[in-house]
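Below, each structure is written out as structure tokens.
What follows is chain A paired twice: with chain B in the first complex and chain C in the second.
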Partner chain A sequence: MNNKKNFNPDKDFYWLAFFSFLLFVVVIIAFYREANPEWKKYQREFKNYLEENISPESASAFEFSVKQLWLPELNKVDRCISCHLGYDQPNLTEAPEPYAAHPDILPHSVLKMGCTICHGGQGFALKKKDAHGEVEHWEEPMLGAKLAKKYGFESEKILMQMNCNTCHRRDEDLTGMEMINLGKNLLTQKKKCQTCHIIDGKGGKLAADLTFIGDKPAERFDFSQIKDKLIESERPLSVLSWHFEHFMNPKAVVPDSKMPYVKYTEEEAWALAMLMMSWRSVSLPVMLIPEEKREEVPPPEKKLEKRKLSIVEWGKELFESKGCSECHTIGGGVEVGPDLIGITKLRDIQWLRKMILDPEKMEQTDPLAKKLYQEYEETGMPTEELTLQEVEAIIKYIESFNKESN
Partner chain B sequence: MKEKLTNIWRKLTWSWSPRSEREASESVIKNFWLHWFPSRISLRSLGWSYSLWLGTIAACLFIILAITGLLLLYFYIPSVRSAYWSIKDLENVVVFGSLLRAQHRWAAELMVAVVFIHLMRVFFTASYRDQRVWNWYIGIGLLVITLFLSFTGYILPWDQLAYWALTIGMSIASEIPFLGKSISFLLAGGNVLGQNSLLRFFVLHNFFLPAMLLFLFALHMWRIRKDGGLTSMDRLIRETQLKETPVSPTKSYSLLGVTEGTTIQVTTTQVLDERNSVRSSPHLLRRIAVVFLITTIFTLGLALLSPAPLEEPANPSVTPIPAKAPWYFLWLQELIAITTIKIGKITISGGLIGGILVPGFLFLLAILWPFLDRSPKEAIGVWFHKKRRIQNSVFILICVVIIVLIIIGLYLRGPYWKFFWPWQPWPEIPAQF
Partner chain C sequence: MKENERKITRRFFFGVLGKTSIIVALLAEAIGAIKAFIPKVLYEPPSKFKIGKPEDIPEGITFLPQHRLYIFRNNDDFHAISAVCTHLKCIVDWKPDQREFYCPCHGSIFSQAGINLTGPAPKPLPWYPLSLAPDGNLVIDSSKQVKPDYKYSL
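On to the complex of A and B.
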């Protein structure tokens, strides 16, 4: 090593030249790859198709580029149309996929809503596998033929109904949502779900709140009882399968489940499972809601709901939720406490306000309240924490019965 | 005519041309790039096999990281809401975006590895002793900064990988005795990970850590020159058996004349002659260019073959199974998992042992080792010297344990941190649909 014979400066020069060339090659490869993305292949094919089947003019008007539907209100960018190129061209109904025109879906609009809101998949992506959501780390695959086949459904579009219902959860009997309609019918017919589950803010507190059950991640479901069964039957190990198995036999999925066993058919269980998956929290931009329906859409949170209710409706809710209806009826006869029909005419309004606001104090100090207390077997009226506005609402609600009886 | 043309050519290509030898040498001294290196370099230091050029590779990687990182800054939005989607756009529609990000990522991971291998080289050649202690410390500082740079970069996409790596990192940090809670609060900008944490890590990643790294890197390079070059020079000096010139009573050897005898810089230049050295320019510069090219090609090639991962958007309510730290911290996570003991229902967390005590002990050992090392001077500048057999073996053992723990964590830990042999398939993870 100490000898200069071992060192040949020319050698380094050749290495430098060689690696410079190699870098050049690698850079060329990088450029080539960047210039030939997957979507360009489809666009070239599309251009050829236009040239051969439609007109040379339409082909020459077509430009190669990433195409996207940008929907800021929905927080979506759908680049599906970079390959599904004929989606908005009515003369391409006969074209092969992915160039065919989108079938008529009025009153929906592809331009306003994009693709993934109904079809699922990854709108950001530009490679087929990524875009169709058949990759790791993307939770929403395309709800198309491939997935339907995995679940053994014959209809290609059946799973898409879940996404329909994410927006249409408050609509009944819509065409094209047969499975969801079936699920909804089961829900309203049997009505028993809300004995234990809260749905849309109403129901019992014995079991999980199902309002947005579709958002619950797979990691929080217990698959231990059905894992082997699903793998054996080659069905996807998924939340949708979990719901299906759970509707078929709750105890087989959650051994200590208190959910009653109902003999559903497989179709019914799938319908209910799909209904569960569709209950997801979405904030719909107002522009997507038809004008005649805008008022009907219930606000997402209960607190907001109160602001939009009329004072009588609010009073009704308070009457039921604060426990008044446990002892009192309005025109239904005496129960634990007096029937309140006509009470607003019978009693002084100030007295009534005080009585609702703090009955315990009234029963000790006010002579009339004392008398009533003894009359009704010394069953005191509990003091609820109410605001003056709430008291007013309750009075207005009771008052509304007067008008009806008039 | 010909002279005129040469003059024009000179004016176009030279901003200034020296008129004397002295002016020429001054130009070298004044030039940052040229004075960085000695005028002559020994063949042994220039050789591929002694230093393995690891420091140069690390520096090249840093340059690649700085360039790609600067470009990435144009596309990245440091917000909890937008960060993930800005990366998605970068991956999908930005021209060369995916490649840029992949090269940045590969260069970052390689830099961690190369800096550590560089440390190993320095240990095996006993290049951390005597006057080089300071450069050893600066080097350890550079390793720590490299680790933090890599970790802070890991956080920025704000996906599940990032969020849970940060969660693990913060819980390790909070195990530091007394100060732990405050440190993790300071780093995360609160008790809960969120926008504050992301912004802090963004600023650390893009300003403070690179600035610190550049500062220490400059010191590191400067000290190499001050300490007499690479340790291969020490060996050369020993072998040439340079006769020490007696101390002259009339000569001062440093500015204030405090020291006696010749300094290492003088000895170093005395040893180098036509037989055992070449001029740095162009030989050293050319080799650096070759190393830079190879590093660029290698990272670019890896980037072409394998894009950088991006998982689901960060979701505090869903823990991925298993949640793993980045690989260079995985040995700590594995240590924590091993030292966490369950007795009945009581769990004793290994966070303190695996997260703080073991790495703290290793760090302390690295700081103290130059003073505990008793091997003879002949060992300096020699790979695996006989007299250093025991300490080299212990060092190798520590490295092997770390590497094995990383491999276990990386490949053999499946869902719920359960152990799986490579031939055992991991259980399928349920999906949404």
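On to the complex of A and C.
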């Protein structure tokens, strides 16, 4: 009833006209935007470039379309080439970006590997900002000059080394991976990491397994201690920054960290941080593995054959595999921990058994163990899960050196 | 004149504007909805692909298993024929002695030019056009077909 009263044919006519015209305009805008996506702008420009600089035939052969590298084996679709159009045309080495040819990267192949496997970014996106990964919640930004500058690196491609090493983690001293090589050298020279950390299935169990640390998502890192510092120095709040700060001073990032402080230079800390980021799980399709290397991958998981060992030989194997040799020598001098030569004569055998079995408990309760803990710069001995037989074997192995020296 | 002028009242003008724009807008939306069913790009191998440099392709007939086609080379002339039988999409074998394509599934036989001679195959094997990419690779466009006298000369 009210409606009837309120109905005003003069006014409502204008409203109908207004809203339907508005709808019309919105639809026109939508159609225009649909017909003129960002990539088409680049393709038009590219076509003009071909016409002016190369040949009219090549320009007329060019078709507007979404272009992609479809790589089912890698589970990737890289549409970067919808704008980076000259990537496979060697006559365009001089062309301006994004139309320049991709430099020669043999034995790698852009056609077989795509773009994002090395460069990062969001392969299936079709807008520049999305594709370059400069959007929230896309965790693999493009590892180019822009990002390198944010971290204060001068070299434009330095961050790409992380992606190189994701596949090349078992290769040493590759050219172009200088930072990673430095990190790997630090790892093998100082060798202390595996006292506490497992890397590639080997090492102590005191701290996190680092084998695939690069896959650990950002939300599982605690940034509370370094957030202000990073914001102040205008460095990105990223896992890479976290690793860098953590290598520079572990306790400043994780206050109750047990990781010993090592005085690294900034370059060394960056190298190690980049190495950490590169350790990601990747399943490489066979076609990307050079023929001479195919046998090695996947790494053969040889189960330790049950050989008949003497107890001393068994002890030697345990001494090396359980990480004792990372810190202790037998007759080779003091390293991180004391030299163990003659230890079986020096100490009570029961004390020794307890010390090998559960050193962390001993360091808290036993006065002698406490004293040793102080003496060796508060670097604790990690507890390994050992059986009593294994402890006995290790002691027999250490004992065997006494006889030799006699 | 005056009669005509009076006919186009404000109300009439806005009425026509409103009705035409809503009809055009709804039509355009319908077209957009239909267009949404046609994908711009698919998760599948491209219909245009590189098969290698011409100098690497041996003289005579070569089977390219990855692309399921036969490439013919006669000095500097090339042409490409699909190896997929037009009956039930088995891969046909080239029999050099008979100079024929033979389908192992149901015995269809095609001539060297891909013409279906006997068996259940209803159509000849399609021929694909070739071109040369700027990096020197031969390119086959399997979305297009050419007549069986096609030749690509370097």
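Rule of thumb we're sticking to: the second predicted complex is superposed on the first by the 272 of 406 C-alpha atoms of A that agree within 3 Å, B and C clash if a C-alpha of one lies under 4 Å from a C-alpha of the other, contacts with A are read in each partner's own complex, and residues count from 1 in each chain.
In this text, contacts are C-beta pairs under 8 Å (C-beta built on N, C-alpha and C of every residue); 3 or more make two chains touch, one makes a residue touch a chain.
Everything numeric here is computed off the predicted structure, so don't read it as measured data.
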item	value
Contacts of A:Leu111 with chain B and chain C, given as first, second, both or neither	second
Per-residue contact with chain A, leading partner among chain C and chain B	B
First (chain B), second (chain C), both or neither touched by A:Asn91	second
Which superposed partner A:Ala125 touches (first chain B, second chain C, both, neither)	first
First, second, both or neither for A:Phe223, with chain B first and chain C second	first
First (chain B), second (chain C), both or neither touched by A:Ala30	both
Contacts of A:Ser58 with chain B and chain C, given as first, second, both or neither	second
Touched partner set for A:Ile231, first chain B, second chain C, both or neither	first
Contacts of A:Ser20 with chain B and chain C, given as first, second, both or neither	both
First (chain B), second (chain C), both or neither touched by A:Val66	both
Chain B and chain C contact sites that coincide on chain A, given as residue numbers	13, 16, 19-20, 23, 26-27, 30, 34, 66, 77, 79
For the chain B and chain A complex, residues of the former touching the latter	43-44, 46-47, 85, 88-89, 92-93, 95-96, 99, 159-160, 236, 239, 274-276, 278, 283, 286-287, 289-290, 293-294, 296-297, 300-301, 304, 309-312, 315, 317-321, 427-433
Residue ranges of chain A touching chain B (in the complex, touch as defined)	1-4, 6-7, 9, 12-13, 15-16, 19-20, 22-23, 26-27, 29-30, 33-34, 66, 77, 79, 120, 124-126, 130, 136-141, 143, 147, 159, 217-221, 223, 227, 231, 236-240, 242, 277
Residue ranges of chain A in contact with chain C within the complex	10, 13-14, 16-21, 23-24, 26-28, 30-31, 34, 54, 58, 61, 65-66, 68, 70, 72, 77, 79, 88-92, 111
Complex contacts: residues of chain C adjacent to chain A	11, 14-15, 17-19, 21-22, 24-25, 28-29, 32, 40-41, 43-46, 50, 131, 133-136
